[in-house]
Each structure stands twice: as C-alpha cells, then as structure tokens.
C-alpha cells in the first residue's frame, strides 16, 4: 500500500502522486482542547487525521500534516476557552493558516484538496481561509476545494444506532458518545472509560454571555454523557464516514468509482 | 514513565502537571519542506518533535503538538520555496501562531515554556511571535520562554566527529549529514539511503535574487551531501542535544539537578 | 415613551440613559444579502433592528445603529456570495467592527450590551470581535455582553405553529417562512407575496465545494418555500422573541422584573 | 417613482437597475458622534444618507445602506473622541469596510459608484479603502468611483447667504449652522433648537496634543454656534448639493443631461 | 552647541538628554514624492527635518531620523500617485511605523514627543498611529505627544507677505511658493529656479475620481506657480515656524521660557 | 558626476535615469540602535547608506532614502531591545514598508532593485517584504530584486587582515571592529575612539530567554571589543564591498562591465 502521510513522503514521491496521479490531498484541522477527563487534549486533531487517513486510503489520497490548534473553544460546543489545556488561535491566525496552505497546495499542482474539520468551532474560519485563497488564486485556477465537518456524513440510520435514546445534536456531542466511540476505535489506549463523568447534559440558554459564564459548563468539560460509547459504535461510524467521504471525493473530483 | 505528549493527555492530567508540578512545556516548530529524495517532507517537524520529547523526558516535561508548517524555504538554507511539496506560511501567520500559543500557555499557568525550532527559516518569526505575546502579557507575567534551534547545542567535539572533513555550516546542512543522521536515529524507516544524491555542495553568492534563481539550487534540493550520515552519528547527536537542552532548562528555570 | 434609537438621541440624553440609568444597549448586526425576489436585500439588518427595538422598549434599552453589512453569504444558509446585490465583508473586517464598537461602548460606561444577530453567517465573527474586545478591556472591565441569534429564542410551541409540516432547520430558513412572516409583520410594504418562488427546498450534500457550486442553489436564491408565511405568524414570532430577549436581559443583567 | 434604497429592493430589482440600467450606486458614510445637545448622535449618517437619496433621485440612482460608524472624532473638527456616545472605528476597520464594499459592488456589475462622506474625519480612510479595492480590482475593471464630502459642493453664493457674518470653515462647522440647518430640513423632529448652546467658537492652536486636551473643547461639544441655523437655509443647501452632485455624476459617468 | 540629531548621538548621550534632561524628541515625517521639475523628490522629508532641527535647537531638543516615505500622493494636494518617483506607503504601514516609534520613545523615558509632518497626505495616518500607541501605553503613561503640520504655524502676516496676491490654500501649495522658498532657504543647491514651470494653477472639482483622472493635474506635477518664491521669503517662514513651534513646545510641555 | 541620491533629484531626472537608462535603484535599510558609547545610534542606516552610495556610483545607480528604523535588536547580535535609544519596528511594519516600496519602484519602471541591509536583525523581514511584493506583482513583472547584507561581501583575505586574531563572527560584530572601522572611514566625526569600552567579548548560551536576560549583555552594549578598529581597515572594507556589490549588480542585472 502506498504511503498516505505527506510528512513521511519525499517531495519527489509527493510530486509524482499529485502532479502525475492527480491524488487528492486531505488537510485535517483539529484543535488542542479539553475533552473531559477521559479523552485526550488532542482528540479533534487525532480524529480529523484518522478520518482523513481512512478516506485517503480509499481514493489513493495523501494526508497533509494536521493543523493541531483551532479556534477558541465555546461553552456550548467545546466547554469554553477558560479550561486549562485548551490552546486556541485567534480567528485571523487560523484563517491565515488555511489561506497559506491552500495557496501552497495550488502551487504544487494539487487540483483536489479536501479540508477535513474535526473541531466544531473551526468551521467558519476555514471558510474564510479558503475564500481568501480562492480569491487570490483567481477564477482560472484549476484547484477545487472540498470542506467538510466529518460528523455531517453520519447517516440517520447510524445516528439512530449510536444514540438509541435520541441524538442530542452535534454541539453537545463534545467529548461524548460520538467522539469517545471514535477514539475507542482509532486510539483505544487514549480513552479512560473509568473516568467518564456522570454529569447530566449541559443545558444552555439561547444566547451567550461574555465574559464566559463558566458555571454554565460542567467542571469536567463534558457536555453530555459519554456513557453510551463503545468501540463497535466507533468502528461503524469510522467506516461509514470514510466510505462516504471517499464517495463524495470521487464524485465531486471526477475520479473513477472505487476499485 | 508519565505521558510526555500533551495531545495524549487529558486536560486534568495536563493541568496537574503544569500547575502543581511546574512541568516545562516544549513547543516544537517545524516545517513541511522538501528534504531531497531521501528524507521525508516532514523532517523538520519530526526532528523538532523528537528532540523535544527526548529533552522533555529528562525534565518531566510535556511536549505540545508541533506547528508542522514553517516559514518559506530559502534557497541557501532549504532549497527555496519553488519545490513541490514545500508548504510554507507567511511571516505574519507563523508569528501569530506563536503569539497565540504563548498567550494560551500563559493562561494555563505554564511558567516554563521551551520553543524548539527545527527549521532554520523559522527563527526570526518565532522571535517576533514570542515578543508580541510577552508584550501583551506584560511585565508582571510569571512566564519565561526559552527559544532554541536544536543544532546550536552540538558541541565542537561532536561536530568534529560528525564532520571529519570539516563542518560546512548549518545553512548548507539541509537534508545533509546532520538531518539524515538524526532521522536514521529517530525514524530509520523514513530514510532512503539509496536515494541520497551525489550532488556537490551548493555554492551561493553573497546575496539573494528575487524571483528565486532556481538554477542556483541542485534539482534534488540537497545543499550538501548526506553521504557521511549514519545512525551512530544520529544517536550521538540526539543524545547530546537532549542532555544539553535538559541541562539548560534546569539551569534557566530553576529546576533541581537531574535525577 | 422615551427614544429608543441611539442615532436619534443627543449625546447628552444617551449619556444620561447609559451612565445614570444603566440602560442596556442593543447592537443589531445584519447583512445586505439576496433574499429571493420577494424580500428586500436589507432583510437581515431590518429584522435585527426591529427585534432589537421591540426588546429594547421592554427594558428601557437603546438601539445603536445596525451594522448593515455582514459576512459572506454561504450557499447552504444564504444562497451563496455569487448573487448580485449580496454585499459582504471579509471576516477580519466584521470582527474588527464589532471589536471597535464594544471597546467604545465600554468607554461610554455601558455595562450591558446586547449584540443581536440577524444573519446566520455572522455568528462566529461576532464571537471573535467580542472576544478581542474583552481581552483588550481586561478582566476588571464592568462590561457584560450578551450575544444572540434572535431565531434561537423561538419556542418549540411557536415553531410547531409556524411550521405545521415540520421545521426545516434555520439554515434553510433563508428568505423562507420565518423571515417572510417577520417581514410581513414589521415591513409589510417590502414583501412581495406575489413573487414568492415555487422552488422545492434546496438539498445539499454534507460538504461544501469551492469555488461555489452555484447550481446547487435555486436561481431565485430561496432555499425553502416561503409559501406558508403570514403576518399573523410574524407577529407571534416577533412578540415572543422580544419578550424572551427582554426576559433574558433582565435576568442576566440584574435588572428588575418587567413593569 | 422607483425605489431608491437598496435595502428595500429585492436583489432581482437591484440587478436589473445596475446591470441593465447602469444605475449609479451611492454609498453614504457617516459616524455615530456627539453633535451637541441639540442634534442627534446619528447626524452624520443621517445627512450623508439624505444627501445621497436626494441626489440619487435625480439620476435614477440607488442608495446602499450607510456605514453608520466612522473614524475617531478629533477635537478640532468633531469635539474629540472622549465624548460619551461618540462611537468610532479604528482606521483599518473603516478602510477595510470601504475596500470590501467597493469589491462587492464591482462584482455586482456596478460601474458607477459614488461614496458620499458626511463625517470630516472619514475622508482619508475612504481614500485608502477605495485605493486598496482599485488595486485589487486591477486596471481592467470597468468600475469608476467618485468620492465626495458633500459640503464641498456648496457654492460661495450659498455660503455667503448661510453665513452672513463670514464662513468659519468646515472644520468648526461641527453641530453648527450648516449641519443644524440641514437637519432642520431633513429631520426637523430630531433638532432641539432650544438646546443650542451659547458657547463662543472654539479656538484651537495650530497643533494637536495627545492625550486629548479635553479642556480645549466646549463641554457641549459644539465648536461654533448653531444659532444662525434655519430650515430655509437647510433647504437651500440641500437642494444645491443634490443638484450639483447629480450634475457631477452625470458629467463624470457619461450619463445624459437631467430630464 | 550640543548635538541635535539622534542618529549622530551615542545611546548614552541620548539617554542622558531624554531621561535626565527631559529633552523633547522631534520626529519628522515626510514623503518621497514628485515636487515638479524644480524641487527634489525628498522635499517633504527634507523640510520636515529642517524645521524640526531649527525648532529643536531652540528647546534643547533631539531630532529622530525622519520617516522618509509617506502616504499616497493625492491629485489635489500632491499631484497624485501616478507620477514616477513618488514612492508611497499604504495607510496601515504608515500608521504602524508611527505607533511603533511612539511606543519605543515611551520606553526610552521620553515624555515630550513632537511629530512634525511635512506631507499633507500623512496627517490622518499620523493621528491613527499616535492613537494606537497611546491606547496601548494606557492612561498612566507620562508621555505627551504633540503633532503638527508645520505650515499651520505661519501667521496671517507672513502669509500676506509671501502671497501678496492672496494665499491659494495649502492644498495647492505643492511644489509652489511656500515649499520652493523654504527649500531656497534650507537647501538652495537642490532648487532649479530655471525649471519652474509656467502652468496656471490647477482647478479641481469638489470631488475625486478613481482611478485618478491624471488629466486634471498639470504634467509637471506643480499645482500652482512657484514663480513668486524667494530665499528671503523662505528664511522668514523658516524663522517664524521654528520660533512658534519652540514656543508651543515650551508652553505645552511645561518647559521654561526661551533663554 | 550625476546625482546619486534620489531625494535630491527631481522626479523628471529620476524618471529619465530609471526608465531610459535602466539605472539600478539601491534601497538602504538600517536601524536606530545602540552601538555602544563610541558609535552613534544611526550607525546601521549610515553604513547601509554609505555602502549603497559607494556601490551606486560604480554602476550609475540611484540611492533611495534609507529606512532608518529596523527590527527589534536582539541580545546576541545587537545587545537587545531594552537599551534606551534603540528604536525598533514590529516585524509586520518592517515587512510592509519593504513590500510597499518594492511595489512602488516596480510602478516607476525600475527593473533593477538592490536592497542593502545594514542591520543583522532585519534580514528575514526584508525577505518577507520582498516576497509579498513579488507575489503581488506576479510572474510577469520585469522587476528583479537583489537583497544583500553588505558584510557578506568581505573576502576571507580582508577578514584575515581586519581580524588578525581571528574573526569572531558577524553576530558579535556589533559596534565592534568592523562597524567602528567602517564608521571611521565614512563618518570619522561620529566615532569616539576614547570611549571604546574594554569589555571582554560577550559569551552567550545556545538559546535565548524571554524576557531578555539583560545581564547577559555588557552594559555598554558592545558585544566584542572595537579596540582593533582603524580608518585604514574601514577604507579597505568599504572599497572592497562597494566594488564587489557593483560587480554583482553588473553580473546579475546584465549591465556591461565597469567603465
């Protein structure tokens, strides 16, 4: 199986793959953010990278090094940026990273770029970074970019299985069933099931307050319980998302059907 | 042995280490840059991370996720930014990343931060990023930052052994004996000794020209030969640099002597 | 009834209200964006302003002039930024506007600021602008900011009445039942019911593509039908949202109960 | 009469006017700034908008939503930025707003753009914003921009009538005869003639001092007396400026003579 | 006579003067801009520097190195930025220079800083740069800054003598009688009286057009005739402005009367 | 001999030289930085300007006004930014200056631009400024830029003569033999040989610490002794560097051999 990780390939090998082979490049974007006492700070980057790798393997793709820091954690979807360990970037920094990377991949001759987001708070700054790069590249550039939040690929069937008591929505799914299950699949050694807290789901009003009302957030940083997580769920989710991302890549980028 | 990698630790474990234990935090900064046909694109981030880990283990330190993209490769020290695969950031982006990270580590209660640079071109933008953060934090902040380029720790004795025919200087040491030896030590599976090119060392005039004179640079991207590289040299270098960085950290940050 | 609009008050009157009376200040943020053939380009700013006024009247508040331009329209929630008439700001511009305004309101002695968002795409740049300002003001500032998207205040009961066939989600609610009903209530002369298009709801894949796939979006710019809109629904929604925002303001800002 | 205000038009109607009809677009830029005890904080945006509307009606033009916040008030022309209620933007924010808006109008197919400034302090940042946009659009763009401060259109004859005792210059004309008269014409309900202060005209040295010497400025914020203001003067000024701007637009943009 | 020029003093000498002696520091800001065929491109920086030196000598002041590049030349006051040789900065660059310099002078212990502008177009960006620095320094900083355009110090008596046929206003005074006379006084070897063009004064409409209407500007770049210039006039102006600036500095900065 | 200094030439003369004659333009970049008690604060800009002039005279070149302020002084090469008198710019400001200037020279029709750096700390921000400008100008621009640090032109023979006891390296050569000798040649009146301190050379560890460890740096600010400086050495160095820069310019820019 050919190498999937860009940082393990020589530039010559990379060049051959993207220029001659038209390999799509996947750029994972994560965060360094508290994920409760049972998941590691690197969860978002680890999952974005793992999902990227799984999908890349299905389309002869290449995975670029992840952006391991993301936008400021928000109380309602990441617990808030007051937690120790959460290490965040200003909006402009994150958008500039993405703009610079897109500009460089275009220079390499990459025409198929997939930006895989693993941190809810990143989305709009990825959008801006891509937009700034595309404006700079101009309408004649052959580059097409796909941007995705991987959890948007889960089907209703899968969600129904993973959340038999009903899906609480992605915002509250921070350090909860979905991420814990996926981590149990990809990085079981990094999950401490014994430390999953027993907090009830967080309940937020329909507005935000600044400075952060830290008492809105459970001290553990977990927004809804991860008790229902399992490795089997994680594998099912991981397989589905990789397969569906690969299908989307093939469809949108004019690649042939899967082998 | 306690966990060294921040992205594999929960926020609770991280907090205990940095707030109660005063653990120093190491932030590796690398690049995604051509390193000839025999070394991978991720060499600089891989080595900065590996050096950080080795040193961190000696001082009960924690290694934060690396910044995997660096400043634009220059012909005389990295081959130039025209190579396919080299993926670089604008100066402001890189400095802003560092500024944001330093600000966040200070918020965590980190008082001992070590920024370990593995890409020659990064140095001055790290300086600026740190300065912007320190200015923002103000003179009462308890944070102290150490910034280093790891190769500056090699002793003359080691350089004499590694370069028996004389040390060509760090600028030309791109994808050459030093980096290849270190990679043979840390990541032997990523080195293709059979592909080391036979180019004579690059010879540059005492000025730079823009747009880049690409014909100044060997097409392989290697500025001086890596033929003299060996795993033993790499191990000697790696051990020395880890030990000396650990000593510097203990001295400057008022930690006790090594156990 | 005292004047509600800041731009119609003298600075002396404004000062007395905010410094002596502790009046909350509402800052509406909208957009200039296509809203189909039946709603005007100013819909988002008009609605954010109208909602702000309605709520302000209930809490002796003041409404600052709206930011009338917003972040770039996205295909899935605003039709996309390729439409003629849609007039958008870069992320940094929008965040800077908000940062500057918050800084100034703090200087005025305002301690209760409510930022009322009327354009889905603005949310994260408002968050960043507020965060930048709060960081600059420092932890001793007496200013508290509430940020809200007004549609998050609708209760399930109201949504059930407004969308008897099921709520399609706020993203697709662009120029559709909610906004059309609210405009019928606040600005009936600006709604052209006869021009409501008959397009089926837009159906988007779980990713985005850049450059924008304009064929994903109905040529009218309407993402789901506005046929079910009515003035009565608009009035019910407007009344509810004003009342609930006022309640939230009173609760969070320590104002007494409504008169 | 066709609709003049962009925010009240659908995108379809707007598109037809600017793309097919070549309608000029007017962009008013004002401020939120103290204007003494007798004029409202919104005076500059209200007047820039009113002047734009009057002129637009004469040339089948469209008026975009005003930028309602402007550059920092200066002691010698706006009283200074220390007044409560004055709400100002940093230079870069204001220039970026204008740059973004010009870029977007160009994308719409607008070829005739008129930026109408109603706040003395804005001028140079409008210049920069326009320049940044024109540089980005490049020399092949069909867009032409006219920028004007509306008061520069008053003829010596009018000034002689409005200021029978001699014209003090526009800098001191803050919240004074000109603006008060214009407001009496356009927004009589917002003028409190009874509150016009009796301060003598401010007298400034030929330099500025930072931090602001607030004692140079009358506490009322009025730099010269508005006692001579009248609605008739306001009407005469308003009519003249609208007519002359319309003539300039027709001349510079190659429109036919007035109907 | 003690040294006046900062760049010719050692840091020790400078420190003694500003920290012990409280010497005011003058920072000249000019431009590199066409000044017709008879004056050099450096006119604005040369005059700002010369005026600064003359004034500094009267108050034991120190003159910092000039900022030799200024904001973009405008048609109505500098001929426009389309001239060859005119070398201008973006607004943000100029404001950032000033901000950085003010920050540094404050760090030196300078409490009396005089920014002497010699280029009409610079004024508002100096204002912004000073404001950004003062905001950063905070209200407890002992630094006071005076900003001036040197021509604002000419008295009506002097203007009457220099312009016996009436003063055309400073905007048109580009490369004309004032600047040519001052240059004849300070730098007679750089003035080519024989090359003064005979163009009639430029006549501008009350608005600006972008892209620049280059045909509004005389091809020589001179906006009104310099024919009336003389060395005597230059000396009278130079003496007056130095004396009056020195008086202002003494008054505002609490220095004793002139020796 | 034709005029060499741009700021002493009219725009007409400048235009003829650069557009018709293809004269190279030299842009000196220096600093305002402590250089010990025996050299002036302006040393770096004075030397960069003097070297530029000497070289320009050999190739019919033009010297633009120097950028007189540079990047923040670092302990190991300039003593550190804590010295009184050292007046530094942020990285972004310096890079933006250079970007703006390169853009403007390109507009003038300059095709041969030489940026002459006289301050060690500037190098990487000049690189970034040039890169930003070249990217903006695009690949079709006829402009070529040469960037150099003048001391890189000294030959081993010269270094051997200047440093008979061995060359300490350029970093420590701050206010030491090289700069003092060059100043004795170009500006003997600004050198106080009697004040050369007797400090031993500074000895730095292989890392940097922030906030600056000011006790690492001799209080004089001199990093190695200037005792060996002489005017003869200065002249030899100055002659060599001018000649070799001129040769490089002729070679790289396709000018004929020296007359």
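We just call them A, B, C, D, E and F in the order they show up, numbering each chain from 1.
One rule holds in what follows: contacts are C-beta pairs under 8 Å (C-beta built on N, C-alpha and C of every residue); 3 or more make two chains touch, one makes a residue touch a chain.
Everything numeric here is computed off the predicted structure, so don't read it as measured data.
Q: Treat touching chains as neighbours and tell me the shortest step distance from subunit C to subunit F.
A: 3
Q: Going only through chains that touch each other, how many steps at minimum separate subunit D from subunit F?
A: Minimal hop count between subunit D and subunit F: 2.
Q: What's the overlap between the neighbours of subunit B and those of subunit E?
A: Touching subunit B and subunit E alike, sorted by label: F.
Q: Quick one: superpose subunit B on subunit F by CA and send over the rotation angle as a multiple of 5°.
A: Roughly 180 degrees of rotation.
Q: Which chain maximises the distance between its CA centroid and that of subunit D?
A: Between subunit D and every other chain, the largest centroid distance is to B.
Q: Pick from C-D, A-C or A-B: which pair repeats the contacts of B-F, with over half of them the same residue pairs?
A: A-C
Q: Determine, using the mean of C-alpha atoms as each chain's centre, which chain is farthest from subunit E.
A: Centre of mass proxy via C-alpha means gives A as farthest from subunit E.
Q: Report same or different for the subunit C and subunit D interface, where same means the shared residue numbers exceed half of all residue numbers found there.
A: same
Q: Find the geometric centre of each of subunit A and subunit D from their Cα atoms only, then give the gap between the two centres in Å, rounded to an integer.
A: The computed centroid separation for subunit A versus subunit D comes out at 47 Å.
Q: Let me have the rounded angstrom distance from the C-alpha centre of subunit D over to the C-alpha centre of subunit E, please.
A: That gives a centre separation of 29 Å.
Q: Specify, in ascending order, the residues of subunit D that touch 2 or more different other chains.
A: 90, 92
Q: Examine which chains touch each other and state the graph shape they make (line, ring, star, complete, other).
A: Shape = ring; chains linked end to end, path closes on itself.
Q: Write down the ring's chain sequence, where subunit C leads and subunit D follows directly.
A: The ring, traversed starting at subunit C in the subunit D direction, is C, D, E, F, B, A.
Q: What part of subunit A is in contact with subunit C in the complex they form?
A: Listed in rising order, the residues of subunit A that touch subunit C are 71-72, 74, 90-92, 95, 121, 123-125, 127-128, 130-132, 134, 139, 144-148, 152-153, 205-211, 244-245, 248, 252.
Q: Quick check on the complex: what are the subunit D residues that touch subunit C?
A: So the residues of subunit D touching subunit C come out as 5-12, 14-15, 18-19, 32, 34-42, 45-46, 64-69, 83-90, 92-93, 96-97, 99-101, 104-105, 107-109, 190, 192, 195, 221.
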